[in-house]
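Encoded as C-alpha cells, the structure appears first; notes follow it.
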Amino acid sequence: MNEYCSHWHLQAIVSQLYKVRNQWRTRNGRVSREHGGRELPSREAVLRILELLRCALFPMRLGPVNLREKGEDFYVGHTLNVALNALLAQARLELRYAACHMTDNYNEVDSLAIHLIQDFALALPSLRSLLDTDILAAYQGDPAARSVDEVLLCYPGVLAVIHHRLAHHLYCAGLPLLARISAQIAHSVTGIDIHPGAQISPSFFIDHGTGVVIGETAIIGERVRIYQAVTLGAKRFPIDKHGQLKKNHLRHPIIEDDVVIYAGATILGRVTIGKGSIIGGNVWLTRSVPAGANITQAGLQHDD
Amino acid sequence: MNEYCSHWHLQAIVSQLYKVRNQWRTRNGRVSREHGGRELPSREAVLRILELLRCALFPMRLGPVNLREKGEDFYVGHTLNVALNALLAQARLELRYAACHMTDNYNEVDSLAIHLIQDFALALPSLRSLLDTDILAAYQGDPAARSVDEVLLCYPGVLAVIHHRLAHHLYCAGLPLLARISAQIAHSVTGIDIHPGAQISPSFFIDHGTGVVIGETAIIGERVRIYQAVTLGAKRFPIDKHGQLKKNHLRHPIIEDDVVIYAGATILGRVTIGKGSIIGGNVWLTRSVPAGANITQAGLQHDD
Amino acid sequence: MNEYCSHWHLQAIVSQLYKVRNQWRTRNGRVSREHGGRELPSREAVLRILELLRCALFPMRLGPVNLREKGEDFYVGHTLNVALNALLAQARLELRYAACHMTDNYNEVDSLAIHLIQDFALALPSLRSLLDTDILAAYQGDPAARSVDEVLLCYPGVLAVIHHRLAHHLYCAGLPLLARISAQIAHSVTGIDIHPGAQISPSFFIDHGTGVVIGETAIIGERVRIYQAVTLGAKRFPIDKHGQLKKNHLRHPIIEDDVVIYAGATILGRVTIGKGSIIGGNVWLTRSVPAGANITQAGLQHDD
Amino acid sequence: MNEYCSHWHLQAIVSQLYKVRNQWRTRNGRVSREHGGRELPSREAVLRILELLRCALFPMRLGPVNLREKGEDFYVGHTLNVALNALLAQARLELRYAACHMTDNYNEVDSLAIHLIQDFALALPSLRSLLDTDILAAYQGDPAARSVDEVLLCYPGVLAVIHHRLAHHLYCAGLPLLARISAQIAHSVTGIDIHPGAQISPSFFIDHGTGVVIGETAIIGERVRIYQAVTLGAKRFPIDKHGQLKKNHLRHPIIEDDVVIYAGATILGRVTIGKGSIIGGNVWLTRSVPAGANITQAGLQHDD
Amino acid sequence: MNEYCSHWHLQAIVSQLYKVRNQWRTRNGRVSREHGGRELPSREAVLRILELLRCALFPMRLGPVNLREKGEDFYVGHTLNVALNALLAQARLELRYAACHMTDNYNEVDSLAIHLIQDFALALPSLRSLLDTDILAAYQGDPAARSVDEVLLCYPGVLAVIHHRLAHHLYCAGLPLLARISAQIAHSVTGIDIHPGAQISPSFFIDHGTGVVIGETAIIGERVRIYQAVTLGAKRFPIDKHGQLKKNHLRHPIIEDDVVIYAGATILGRVTIGKGSIIGGNVWLTRSVPAGANITQAGLQHDD
Amino acid sequence: MNEYCSHWHLQAIVSQLYKVRNQWRTRNGRVSREHGGRELPSREAVLRILELLRCALFPMRLGPVNLREKGEDFYVGHTLNVALNALLAQARLELRYAACHMTDNYNEVDSLAIHLIQDFALALPSLRSLLDTDILAAYQGDPAARSVDEVLLCYPGVLAVIHHRLAHHLYCAGLPLLARISAQIAHSVTGIDIHPGAQISPSFFIDHGTGVVIGETAIIGERVRIYQAVTLGAKRFPIDKHGQLKKNHLRHPIIEDDVVIYAGATILGRVTIGKGSIIGGNVWLTRSVPAGANITQAGLQHDD
C-alpha cells in the first residue's frame, strides 16, 4: 500500500549537511561569498572544449561525418569560435578563483583572460604541426599500426599527447587548473597520466599506455618512445621545516632524444637518461645513465 | 541499385539466439519468470544516482554552474530526494533478485529496502565529513596540488574514494551488487579498483592511481598514502574439497596507520604492515612487517 | 564594458590551420578528394553499434529496463537490425578507405561489405555461446563473485572479452580498423588492451584487468586466467634493412590450456607457456616453460 | 562586482507558495497523502506513447529511417511492447487517481489496468484498418493531394484522426483522462480539437483543420468531410437547480453519412444533418436538416 | 562514384548573404558592435524558464514524476532558483538591447534587471492564487470537465492563462519583449493569442481556444468566459500625419464581469460589453452594449 | 505479486498488423521492395533542416547565443553546409520515391537532386532579401510591434512566411513533398496554412494568423496585409467524368498589391481583389472586386 513511501527525513539531513559544509568552509578560511559566478571551472565544460578543439585540429578525421573539403574551413572557423568563447569563460573563472584571495579587480582579470586565450588560439597551427610529428612517430613505432589514420582514431597514446600539448600551453599561460582538468580527462580515458607541466619534444609516442605516469617537472626529448606502465616520477618528497612536503622543485627525470623505455620501467628523481638509451621492461632506475646505455633488469639479458 | 540491401536472415539468427539463451537458462537453473520487474539493477541508474549524490555532497564545487549559497539547501534537498528515490528502486531490485530463490514475499523485501536507504540517507553527513579528511590528505600529500578544490575537481584518487565510501555503506547494508556496480563505475573512470568490502579509515589518499587494486577483506588505517599500481591482494586462493575456490575468508592485507606504499608495490595475503611503515616502489611482499619498517626492492637503496 | 569581446583573429588561424593540413596531406601523398563519404569510420558509431550488440546478445541483463521474455525476440530482432545496418555502413567506409589507393570500384566494395556483415550476423549465436563460457569462468575464478549476473554486469574483464570476441571476428573478416576501434573502446573503459588479432579459446577470464596488454599474434588456450597488469607482449621489434620496424611477424606468446598468470607478470616474445602452468606475480619471462611449471619471482616462494 | 548577485528571498517565496498550495488543497478537500505514486498521468509520457503507437501502426512511413520490410515485424513487436508497458503504467495512475476517493484497493485497480490495455492492444489491427479508410478519404477529398503517403506524412487532419481513434478507444475503456491528454496533444499540434468521446465512422477527412471543434457527444457518419474552423458544438448549457452546468447529456450534432461541411460552419445542439447534405462555409445552424440538403449563408448562392 | 558530391559554391553564397545582411543593417541604422553579448533574448531560454515556473507553481501536478510532499519545498526552491537566475540573464539582455541606442551604462541596466526579477519572484505566490481561480472557473465552466486536475493538465485555455499572467507581470515591469516571447510560446501551443498587455481579472476561462485573439489594451473583468475564435481586437488603425500607424492608443474592448462570449464572436474597438452580457456565436460587434445584454446573430434566436 | 505482468499477445497482434499492412499495400499496388532507402522523406529531418536554414539566414538573431560578427561567416558557411547536405539526402529520397513507378535509374535521379539543391542554395541570398521586406512590413503593419527584431523573434506570421518562401522554391523546383512538409511544420507551429504553391510578392504580412488558409494556386501582390482566420480558398471542386475531384486547375483568388484583408474574411474561387482594396472582417466573397473597393459585412459599417 505505502509501497513508494519515502520518509527520508530530508530536512534533518539537509541541515546536517549544511553544518558539515560550514565546518569545512570555516576550517579552510572561506568567507561566504554572495557575488561572483561559480567558484570553479567545470569539468564538463572543459571536456566539451577539448572535443571541439580536437575536431577543429583534425576536421576530416575527427570532425563530423559528411564533412567535405569544401566546407572544411567554415567548420574549422565556427568550431574554433565556439571552443574559444567557451574556453574564455572557463579561463575567467580560473583567474577569478585564483585572484579571490588578493583583489576584487575583475576587470584586470577579464582582460588577462582574453589575452591568454588569444595567445592560445594563435598557437593552434603550430600545435597541430607538432601533433603531426607525434602521429607519424606512433605509426612508425608500432608494427601493428596500419595507417596514420588508424593511429589518430584508435591510439590512446595519441589522444593523451593531443590533450597534453593543449594542456601544457594552458599550464604555461598561467591556467594550471584548466590544464590539470584537461590532463585528467585524458587520464580517465586512456589510463595515461601526464602532468601538464611536463615538457615534451616532438615525435613522442606512448604505446598501449595504461599506467603511464609522467611528473610535473619531467623533460622529454625528441623521438622518445614509451610503453605502458612506465613511471617518470619523483623519489620521496623532501619535507620542509614545518613538516610539509616542499612544492615546486625539480624532481622528475630528464629523458634525452631517441630514448626508448619499455613497459613497467620506473625512473625516479631528477636524473638524466642519455640520448639513445634503451631502458628495459620493469627496470627500476634512480640514477642517471649515459648516452647509448642499454639498461635491463638485473640478471636478464633482455635482447638475447 | 540494391545498394542498401540487407538480407540479415534475422529470423534465423533470432531463433538461434533464443536457443542459446535457453541453454544458458536451463544450465543455470533459471525458471522462466513472467512476473517481476527487471531482474537486475541497472548500471546506468546507479551511475546517475552517484552523480547526484556527489553533487549533493559537494554542491558548490561539483553541483550545477550558477548555484549560489542562498539556493544551496534547496538544491541539496531536491537532489537528495531524487537520488534516494532512485536508489530505493534499485535497492528493491537487488533485494528481490537476491530473494527470488527463497520466497515471493515482496512486501518484506520492499520494507527492508526502505529501511536500508533511510539509514544510508542518515549516514550522508558523516560520510561527507569523512571525505573532507580524504580531500585534505590529498592536498597535503601531493606537492603538485595547488588547492583543495583542484584536488576535488581533478584527482582520480578522490573520485575513487568518494565512490568507495558510498559503496562500502551499501555493501555493509546488504546491497553488495549495488556496491559493486558503484565501485566498478569508479574503476572504469579512474583505473582504481577498490572492492566495496574494503575497510578504509579517514585521511586516505591514492595518487595517480591507475592500476591500484584493493581486495574485499583489506583493512586500511588512518592517513595511509598509496601510489599507482599498488596491489593489496590475495595470494593463491584455497580450494575446497569440491575443487571450488573457497569464498569469503580473510585473505587481504591489514595496513596500519600512517603507512606509505609507493608505486607498483604488491602486498599479498592476510599480512599486517605496521604503523608508519614505508613500502618502496615495486616491492613484492607476502609477509607482515613491523611498525616503522622501511622496505625497498632488494639491492636498491631507495632513499639514497 | 567590452566584457565579452573576443578578437580571435579567426581568419588568420583558419588559414594557417589549412596550410598545416595541406602540408600533412602533401607529405602523406593524399590527393584532394571531392567524392566519397567520410574517409574514416566513426568511433561514435562503433561505440553505439557495440552497445546494441551487447544488448541483443544479453537482452534480459544488459537490455532495456522492463523487457519481459514475451517481448525478448522482438527486441533482439529489432536491435540486431539496427546494429547490423549501422555496422554495414561502417564496414563500407572501411573497405572504401582501404580500397582508395587501388580502385574506384565501389560496387565491388559494397557487395563485399554486405557479405562480410552477413557472415558476422550469422556468427552471433555461436559468439554468445562462447561468451557464456567466459562468464562462467569469471564466476568460478573469483571468490568475490556472488552470481553469474553480477559478473556480467560488473566485471571489466567480461566487458573486454565481449568486445574482443566481436572485434576478433571483424579482424578476421578483413575489417581490422573497425576491430581496432572496438578494442580501443573496451580498453578505454576497462584498462584492458587486447589486440583484436589475438586468438583466445573459451572460458577466458581476466580479473581486475587494469593494465593488461595482449598482443596481436598471441594465442591463448582454454580456461586461462589472467590478472591485472599482465603483459603478453613482443620483445624488441626486428628492424628491416631500411631501418623500419618489420610488421606482421609472429612475436607474441602462446599460452596453453589451464594456465594462470598472476598480476604484473610480463611474458615477451614467441614463447610457449605449457599447459597448466602457473606464472607468479611480477614474473618477467622471455623464454618458454614446460607444462605444469610453477614460475615465481626469484628468491620468493610464492606459494608458501 | 556583484554582477551575478541574486537575492531572491527564496525561503520566503517558497513558504508563501506552500501556503497557497495548502489553501488550494484544503479548499478542494485533499488530504495530504504520503503514499502512492504521482497522482496524475504525465503528458510527456502520453506524448511518447502516441509517437510509438503511430510508428508501430505505420512502420515504413512513420517509423525509423532505414527500416526494411525484413525487419518490420521485429520493429513493430518491440515498439508495441515498449508502448504498451508505458501505457499500462499511465493507465494504472489514472485508475488509482480515479479510485482514490473510494478505496485503497490497488490490486483490483492494477488488474483492471492490465485488462484494459490488453483490450486496447488487441484492437490495434482494426484501428489501423479504420485509419486506412481515413487516409484514402483524405487523398480522394483534396485535389492538392498527390499521394496517400503525402497525406499520411503531412496532413494535420490525418494526425488528428489517428489520435482520435486511439483516444476514443481509451475513452470508451474507462480511461477518459488519458484519452483527453491524447486528444489535446493532437489539438496542440494541429489546431483540431476533437473530444475523445465523439463517435466517428470510417473514411473521415478534415482538411486544413485549424479551429475545428467536435464535441463530446457528436456522432459522425461515414465519408464525412469537414474543413477548417467548423464547430460541431453545444448550444448554451442547461443549468441544474444548484446553478451548476449539467454534465453528460447529449448536446452535440449527429452528422449522417456523406455530409460535407465547409469552412467556418457552426452547427450547435443535438440536431441531425441528413445524409449527403452540404453545409456551406460560415453557415450557422442550430436546427436539423433533411437528407440531401444544401445549406448556404443567407443570400449567398455558394455554388453559383 | 561522385554520389555524395556537393558543390555548394559555399564561399560565394556566404559572401552574398553577408552583403544582404549588411544592407539590412545599414538600412536599419545598426552599427557593427564587437562588444556585448547576444543582442536578443532567446526563445529557447524563455521556453525553458516558463516550463520551470509552471512546475514550481504546480509542483505535484506539473512537476517531476515521483515528487512527494516531503520533497516539495526543496523542489520548488531549487526550481525557482534556476528559473530566476535564467530569467535574470534574459532580462539583462532585453534591457541592454533596449538601452543600446541610448547609453553604454550596463551597470545601471544590470541593477535594474535584478530589481525587476526580484519583484517578479515576490509576485509568484499571488499569481498562483490568481491562477487557482482560473482553474476553478474552467472546471465549473465546462460540462465535459471531470476534475480540476484534468483541467490543469489538458486545457489549452489554462495553459494560455498561466503564460499570460506571468507575461503580463513582465510586460508591466518593463520587459515587453520577454513578455511577448512568453505569449507567443503559448500561442504556438494553444492557438490562443493574448497580447501580454491585456488586463485580465480573476476566474477567466477560455474553452477550446483555437483562434482566440485578445489585443494589447483589452480589459477583462471577473468570471468572464470565452470560446474559440473570439476576437477582442482593434478596428482599423488610425494613421498619423506621416502615414504611419499610430502606436499605443486604447483600441481594444473592455469586457465587464460575468460576460460570456461564444465562439467566433468578434468585438472590435474601445467598446464596453456590460456586466453579465452574453455575446452569441459569430456575432460581429463594434459598439458598446449595456449590462445584461443578450446579443445574437441577426435573425437567429441563439437560445431558442 | 505479478504486478508488472504484461500478457500482450504480441505475436498475434504483430501478425494481424502485418496482414492489415499487406492488404493496404496490395490495394495500393505496391510491390515489396527490398532495395532502396526509406521510401519517404522524414518530417524530423526537414524540421531540422529548416531550423538550420533559419539560423543561417538570420545568424545574429536566430543563431546560437554568443555568436559575434567576427565568427558569423564561419557559422553561416558551416550551417549551410550541414543543411544543404541533409537537404540533398531528403531530395534524393523524394525524387527516388517519385521515380519508383517509372524507372530504376537512380543515377539520373541523384544528379538531378544535386542540381536542384545547388539552385536552391544559390537562391538563398535573394530569399533573405525578400524576407527582409516581409519583416519590415510586419513592423510597419502592427501598432504593437516595437522593433524589427521583436517581429522576427515573436511573430508567427513571420515564421510562416520564412517557411513559405523556402518551401515555394522547393515546390517550383519539383520537390513538392519536401515543400509540403516544410509548410505543414509552419502550420503546426503557427496555425497558418499556406500551400507551398501559392505565389506571394514582397512585403507580405500576416498578423496573429491562427486559422489563415492560403490555397495552392493563390497569387498575392506586394504589400498585402492579412489577419487571422482569413481564407483564400477554392469553391466546391469540379468533379471529372469518373466522379473524381479534378486536380491542378486554377481555383484560388488573386490578391493585387496593397490589399488589406481583415480577420475572418473568406475569399473563394479564382476571383481578383483589385489593387488597394480593403476586405472587412468576416466578409464572405466569391466574386471579384475592383481596385480600391472597401467591402464590409452586409449592414455593418466597419469603419464608422
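In this document, chain identifiers A, B, C, D, E and F correspond to the written order of the chains, with residue numbering beginning at 1 in each.
Operating definition for what follows: a contact is a pair of C-beta atoms (placed from the backbone, for glycine too) under 8 Å apart; a residue touches a chain by one contact, two chains touch by 3 or more.
Everything numeric here is computed off the predicted structure, so don't read it as measured data.
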### Summary
In the contact graph of chains, the distance from chain B to chain D in steps is 1
### Maximum centroid distance from chain E, chain identifier (CA atoms)
C
### Task
Rotation angle, chain E onto chain F: superpose the C-alpha atoms of these two copies and give the value as a multiple of 5 degrees.
120
### Task
Looking only at C-beta pairs in contact, point me to the busier pair out of A-E and A-F.
A-F
### Task
Tell me, please, which of B-D, B-E or E-F gives a repeat of the C-F interface, judged by over half of the contact pairs matching in residue number.
B-D
## Note on the structure
Farthest chain from chain A by C-alpha centroid distance is chain D
### Task
Could you please state the distance in Å, as a whole number, between where the Cα atoms of chain C are centred and where those of chain D are centred?
51
### Length of the line joining the C-alpha centres of chain A and chain C, rounded to whole Å
25
### Message
Show the residues in chain F shared as contacts by 2 or more other chains, in ascending order.
### Response
3-8, 10, 14, 34, 37, 66-68, 70-71, 73-74, 76-77, 80-81, 85, 191, 210-211, 229, 264, 282
#### Entry: Residues of chain A that touch chain B when the two form their complex
3, 5-14, 16-21, 23-24, 28, 32-34, 37-43, 45, 97, 176-177, 180-181, 183-184, 187-188, 191, 193, 195, 197, 210-211, 213, 215-216, 229, 231, 233-237, 244-249, 251, 264, 266, 268, 282, 284, 286, 298
### Query
Hey, which residues of chain D end up touching chain C in the complex?
64, 66-68, 70-71, 73-82, 85
### Message
Considering only the defined contacts, which chain B positions touch chain D in the complex?
### Response
4, 6-8, 10, 14, 66, 68, 70-71, 74
### Query
Where on chain D is chain F touching in the complex?
56-57, 59-61, 65-70, 72-73, 76-77, 80-81, 84-85, 88, 110, 114, 117-118, 121-122, 124-125, 128-129, 132, 140-144, 146, 148-150, 153-156, 189-191, 208, 210-211, 228-229, 263-264, 281-282, 297, 299-300, 302-304
